[in-house]
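Dropping a structure here in C-alpha cells format, bear with me for questions.
For reference, chains read A, B, C and D in written order, and residue numbers begin at 1 within each chain.
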Amino acid sequence: PFFADTNAGGIGVAHNGNLTNAYGLRQDLVKSGALFQSTSDTEVIVHLIARSKEEKFEARVVDALKQVEGAYSLVLMTRKKIMGVRDPHGVRPLILGKLNDGYILASESCALDIVGAEYVRDIQPGELITIDEKGMRSSFPFAKKPSRFCIFEYIYFARPDSFMEDKSIYEMRKEIGAELARENPVEGADLIVPVPDSGVPAAIGYAQESGVPFELGIIRNHYVGRTFIEPTDKIRNLGVKLKHNSNRKLLAGKNVVLVDDSIVRGTTSKKIVEMVRDAGAKEVHMRISSPPSKHSCFYGIDTPEDSELLAHNHSPEEIADIIKADSVSYISLDGLYRAVGQARRNSDDPQYCDACFSGEYPIFLTDREEKHDKMKISRLKEASK
Amino acid sequence: PFFADTNAGGIGVAHNGNLTNAYGLRQDLVKSGALFQSTSDTEVIVHLIARSKEEKFEARVVDALKQVEGAYSLVLMTRKKIMGVRDPHGVRPLILGKLNDGYILASESCALDIVGAEYVRDIQPGELITIDEKGMRSSFPFAKKPSRFCIFEYIYFARPDSFMEDKSIYEMRKEIGAELARENPVEGADLIVPVPDSGVPAAIGYAQESGVPFELGIIRNHYVGRTFIEPTDKIRNLGVKLKHNSNRKLLAGKNVVLVDDSIVRGTTSKKIVEMVRDAGAKEVHMRISSPPSKHSCFYGIDTPEDSELLAHNHSPEEIADIIKADSVSYISLDGLYRAVGQARRNSDDPQYCDACFSGEYPIFLTDREEKHDKMKISRLKEASK
Amino acid sequence: PFFADTNAGGIGVAHNGNLTNAYGLRQDLVKSGALFQSTSDTEVIVHLIARSKEEKFEARVVDALKQVEGAYSLVLMTRKKIMGVRDPHGVRPLILGKLNDGYILASESCALDIVGAEYVRDIQPGELITIDEKGMRSSFPFAKKPSRFCIFEYIYFARPDSFMEDKSIYEMRKEIGAELARENPVEGADLIVPVPDSGVPAAIGYAQESGVPFELGIIRNHYVGRTFIEPTDKIRNLGVKLKHNSNRKLLAGKNVVLVDDSIVRGTTSKKIVEMVRDAGAKEVHMRISSPPSKHSCFYGIDTPEDSELLAHNHSPEEIADIIKADSVSYISLDGLYRAVGQARRNSDDPQYCDACFSGEYPIFLTDREEKHDKMKISRLKEASK
Amino acid sequence: PFFADTNAGGIGVAHNGNLTNAYGLRQDLVKSGALFQSTSDTEVIVHLIARSKEEKFEARVVDALKQVEGAYSLVLMTRKKIMGVRDPHGVRPLILGKLNDGYILASESCALDIVGAEYVRDIQPGELITIDEKGMRSSFPFAKKPSRFCIFEYIYFARPDSFMEDKSIYEMRKEIGAELARENPVEGADLIVPVPDSGVPAAIGYAQESGVPFELGIIRNHYVGRTFIEPTDKIRNLGVKLKHNSNRKLLAGKNVVLVDDSIVRGTTSKKIVEMVRDAGAKEVHMRISSPPSKHSCFYGIDTPEDSELLAHNHSPEEIADIIKADSVSYISLDGLYRAVGQARRNSDDPQYCDACFSGEYPIFLTDREEKHDKMKISRLKEASK
C-alpha cells in the first residue's frame, strides 16, 4: 500500500495490476514539480488524484483514472470512506464481501473465507464502488469497453478455493485438464503425475478424463521453505531436490504423464523431467494446461521478457528436445476457451485477455511503444543540471 | 544433537527414539555424582558411555546401550569415526547411504535424495555400524529380539517419498487407503476428499479402490505458515481457516468422504467437518487410515496421554457424534497388517510395534511402571537437603 | 536525510534546524497538488526546489530558500554536486573541512577529527557553498541579516571538543562556570560536583574560580545504556540510579555545590538532589550554567512547551523549594554574554539568539502566530471531502 | 552463571575469579567418567560438589572447595538457599547487602545502590555465608590464610562509586593520584589531563596535590559505543579517535601531564600521546597510577601473557621512547601501599595481592607449573581411542 497527505486529504492506495503509460505520466508530473519517492506506478495515480481540479474525492479519482492506461484493480481509503475500482476492461479481479455490517474489498473470494466473511459479488469492469457511513454506492464513470478478464487467473494465478465470474477456479482447472486430455492424450500412459502444487487440479481433471491413475510421483518438500536457515550456495547447487523429490518406487519403469500449468524459461521443467527419468521412468510426457507462453504480460503478472520465454522461439517439439521429454504438448487456445465455458475464442473480440498466448494486447502499451525502459524510471540516476 | 567432552574423548550424539528406563538410570547416575544439564534422555546415554570401564569406544557404546531400554536409533560421532546403531527391536528406522567415497546415516531415504546420495540398505535391528578411515564394519552386539518396526511410520510419520523395509511409504499408504475402502465403503459417495497434506496418499488409494472421484475439497493455505508476521490471538480465533479452506462450489450438495490418517484429540477433525458442512455438503463421512489411536507412544512419537486420546474413551459412533460427522470408521488392525503385506497380524508375536492401537508394548515401560513422572525428571525442581 | 526524484533530478537533503513557516507553505503546496509522505519540514524544502521555475540547481535552491523562514543549516546532494547553506541569521552551525582532495560539510568540528580531516572554516550566515568537479564556490544570495548564532550551543548542545566561531566549546563552558562562580558563590562550600556528563566543564570552571575542590560526587552508570536487555518497568521505577549513582563516602556531611547546564522540567534535578541528600550531604546548592530556561525553542532544539518549563512559572527560590535544594541560582544573561567574550548583551541588537532565556525571537514565528498546531500538520488526520 | 541437576539437587553457580588447578581437576574428573559441556572452571566446581560423599549441601560445597586452588568469590543457589563464599586469601571481593527482609550477595557495593539496598558488610576471606528461611549463618570452614585482597581493584577494576574494606574506591584512587604527584611531579606542567574514563579520579588527586589545573583535554566519544551500526574495518583504521578526541584549543602549546591507570600493551597509550601531540602539546608526560604491569594475572583479571606486557621487557625510559612521550613514570609499590592506607608494603607478607606488579603469586599456579595449556582444556579436540 501507498500512503500520502494530499490536497484531497490523506489517502491510502492498494493496487493490483500495472499501468502501461506510467512512465510518460511520471515524466510530465516531475516536469511540473512533483516529487517521487518510489518507483511504483501507484505513486503516479496518487499524484494525479492530488492534482485534479475536481473538488469531490470520487470525481478526483475518476479524473485521475481517465488519464491512466493499463490494467488495475484499486482499493482507496480516506479517513471517511473506502473505494474500489476496476479498469474498464476488468483485466484484474476485485470482489465485494460482507462481514456483519461492514463491506470488504479483496482480489479473491478465498480472502473472505479466511475472515469468515460472505461473498457478495464481483466488482464489474469499469465499476467504481464507494463505501462510507451512508452505505455502498456504485457507478460506471468510464467509457464502456469490452470485458477482458485475465484468462491466466483460471490457469494459475488465482487460488483454487476462490471463484471468479461465478466459476470455481478448481473446477475450471479440472476442466482445462480434461480438455487437455481430450486434445493431447498419451498412448500407453501408466500414471498422471502433477508438478506440485500448481499442477494438481489440472492433473486430476486429466486423470479423470483419461482414466489413467492420478499419482503423487513428485513430493514437494515443505520443510525447505519454512526453515530460517538460509541454504548456502553449495546446498542450492544440489538443485531442485530441495523443493521436490521423486517417488522412486512409483515411477520406475512407467510411462509417466507430467501435468504442469505452464513452461516459462524451462529451467524447472528440465530439472523435473530429469528427476523423473533418474527415478527410472520409461517415458516422460509433459502436458501443459495452458497454450504456449509466448509473450510478456504488461498487465500485472510478473513475467520475463519475450526473448526469455522458451515458447517465444521454440516449437513444442524443440521444447521437448530441450527439456529432454519424450513429448510436450499444450492445450489449444480454443480448447482453453471451451474449458472455461465458451463455445470457442471469438477472434474478433476475444472474451478474455489472452495476450500472453496470442500476443493480442487489449490495452495499448504506450510506454513500451515509446521505448521507455522501466529501468530508467528513477531520475535519481540522471544527472542534475 | 548432544555434545560433551568425556573420558572417551569428545562425543556428539543424535538420537531418534525414546528410552523407557531413562529416569531410573538418571537417578542412579546423579546419585554417583553425575551432572545433568538438560532433561534429554540422550544425556543419560552419554553419561553411560563416559562411565564405562571398557577401553575401546565401540565397547563403551555397547556397554552403555546394554543398560538402556527403549526404542532408539542413534548416530554417534567422535573425532575419528561415526557409528550408527538401532535398538534390538528395530522400532525406529535408520538407513545407510553412500555419496562418492563417504557413507551417510539417516532416518529416512528421502534425506539421501536431497543430497544426491545413493541408498545402500536399512541398518538391521540390533545392528551397530562403525565407519572410520578403515571403512565400514557391522556387528550385532546385543541379544537377538523379535523385530518390531513402528507401523505408524507407514501410516503417518515417514515422508511419502521414502521407503523402508524395501517398501515405498507412498505405496503403503495407498494400499492402506484401498483396504480402508474395502472395509469401510460409503454408499452413495460423490467425492473422496483428503485432509491435506497427510491424508492425500490414503485418499488416492481409497478413491482408486472405490471408483469414487478423488477431489481437493479442502485447500491448504500455504501462505500462513510462511509469513514472518505472527498472527495475533484475535486472528487465531478465526480458526482453522488460516490453515485450510474449503472448496465451496465442489462440496455443495455432495455426499463427501473425508480421508485422514488419524484422530488424536478430535479438535482438528471437528473443525474440518464443520467447514465441509458450512460449504454445503449433504453428508460427511470420516474414514481413518489407521485403527483407533487408543494408547500413548513411549517409543519416540510425541502423543498425548491416554486420557486425552479421543478413541481411548469413545467408540467410533460416539466420535462421529462428537465431531458431527455422519459416520466415522477406521481400518481394522488386521486390515492394516494386510495392507503392509502380511497375511494378518500374528497376535502371539506381532510383526510390528502397534502399541498405540493394541496397547501391547513390546518393550517394558520401566519408568512408567515405577510411576516416574516425566515432569519430575529435573531434580532442579526438588529441594536440596 | 530525505531523498526524492524531482524535476531538478534526484536530490538528497540533510537538515539541521527548524522552519517557522513550514505549515503555511505546506498548506499551499498541498493545495496545488503536492503529495506529502512525511511530517518533516525538510519535505517542504524539497517541494519548493522541485517547483521552482529556475533552471539551474543553485538558482532553484535559492528560490526555494527565499520562501522559507526559520533556522536552518542544510547539506544538499545531487548526482554531481554537494551544497551547504546556512540561514541568513546563522542560527545553527555548519562548518567546512578538508580531507585530501575532498571537502566535508558538517555541523561540528569534532566530526572532522573522527575521520582525520582538517577544519577549514565556518560557513557564514547566509552563505551558500557549492562543491563539484570544478571545485568550491561561495555566494551570499540572501538579503543580509544580523548574526544570531544560538548561544545554547556554547552552554549544552555542541560537543566540548568542537569549536565554533573560532572558540573552543570546552573553554567557553569553563568560562561560563567561572562567571557563574563569581556571580553566585556558595559560602562554606566543600565540594563542586558536576551533574554528569554535561555539567563537567562548567563545574571545572566553577571549581577553579572558587578554589573549592572539583569532585566526582555523582558517577554515571555507563553499563545501563549499553545493555541489550531492556529494563522492565519495575526496574525503571527504581529511578535515576540506573543512570547515576552517588559517591556516598565523598558526600556524607558535606556542603555540596551541584553544577548543571540547565533545569528543564526539574524532574531529573529533583532526583539528583534527593540522591545527594540520601548520601548524607549537609547542604545541597544547585548552580546552573545558563539563565533560566523560560521559553520554547522554535529553531531546532527540542524543548517542551513554555508551560512545561519550570522556570517559566517559578522563581529560583520556588524552584529550590520544588527540587528540595538549599539554594538554586543561575548565571545572568549579561554574565553569559561576558563569558562568551562580549562586553555585555547588546539589548537593541543581541549578538546571539537567546530566545529560550529572553523570549526575544529573532525570526518571526509565522506558524505559531497563525496558530497552526504542529500536531495538525498531517492532513492524514483530517477528513476528506 | 552455570546450572546443573546434581546429586545435591539443582544448583546454580556464579563465579568471580579463576582456579589455578582447574585443568588437573578436570582431567581427573573426566577420567572417572564426568562429562564436560563447557570449558569453564565453574563446571569443575559443580562436579566436585556433585561427587562429594558429604550429605549436607554446605558440607559438599566445603568438601569441593577444599580441593580447588585459586581466587574465587562464589554465589551458589539451590531451591531453598543461597550461599556466598570467598577463597581463604580473599583475593576477589564479595559483599552482603539487605533489602527489606532479603539478603543480597554482590561483588561490589554499587550494585546495592542501583536496587536501593543497604550495604551490610564485606564477606570475609575464607568465610561461607548461608541464607535460607531460617536466616543467615556464617562459618569459616577453611584453614586460615593471610589476607591478599587484589590491590588492582583499587586501581582500576572496581567502580569508583563502590567501597571495599570500608574504603571508598574513588577516594583511594584520588589518594593514589596524590601519591603519584608527590613521587613523580612534572616541572612546568600546565595541565593535568586524565585518559577517560578510568584515569579521572587519579588525575583529580594528582591535580589537587600538585596545584596544576585538572582539565578535560581528551573527550570520550559516547556515541560510538552506543551505535548499532558496526563500524567497518576502514572506519576502524581511522583509529582511536572513534573512542577519544582531543580538545585541541586546550592542549596547543601546553606542557601536558596525562594520567592513566596502567599501560598494558602500550597500543592505546601510543595513540593517545600521538593525538595530544597532534593537538599541538609542547610536552607530553605520562603518569601511571599503578606500578609497572609486568606479570599476568591468574586470579581473575583478564590480562595478556607476560611477554605481551610492555613493562615486562621495558624500563619506563624505553616505554617513553616507544609511546613517544617526553617521560613516563609510575607510582612505586610502596607508594601504592601508602596510598591505600598502609605504612609500607610488608615484603615478607604483603597486605595485598600485587602479583601483577611484584610477580609474587600468593596462590600456587599448579596448572601453569604443570604446563597445562589452557587452550588444550577441551578434550573435544583430542582423538578418541
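FYI, a residue touches a chain if its C-beta (ideal position, glycine included) is under 8 Å from a C-beta of that chain, and two chains touch if they have at least 3 such contacts.
These numbers come from a predicted model, not from an experiment.
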- Moving only to chains each one touches, count the minimum steps from chain A until you reach chain D. 2
- Message: Going by average Cα coordinates, which chain is farthest removed from chain C?
- Response: B
- Query: Roughly how far is chain C from chain D, going centre to centre by Cα mean, in whole Å?
  - Reply: 40
- Please work out the Cα centroid separation of chain B and chain D, and write it as a whole number of Å. 55
- Task: Among the residues of chain D, pick out those that touch two or more other chains and give their numbers.
- Result: none
- Query: Graph of touching chains, which shape: line, ring, star, complete, other?
  - Reply: ring
- Hey, which chains are touching each other here? A-B, A-C, B-D, C-D
- Task: Would you mind writing out the residues of chain A in touch with chain C in their complex?
- Result: 3-11, 30-37, 43, 46-47, 50-52, 55-57, 78-81, 378-385
- Query: Residues of chain C touching chain D in their complex?
  - Reply: 110, 113-116, 159-161, 163, 167-168, 170-171, 197, 200-201, 204, 208, 213-216, 219, 221-222, 225-226, 238, 241-242, 245-250
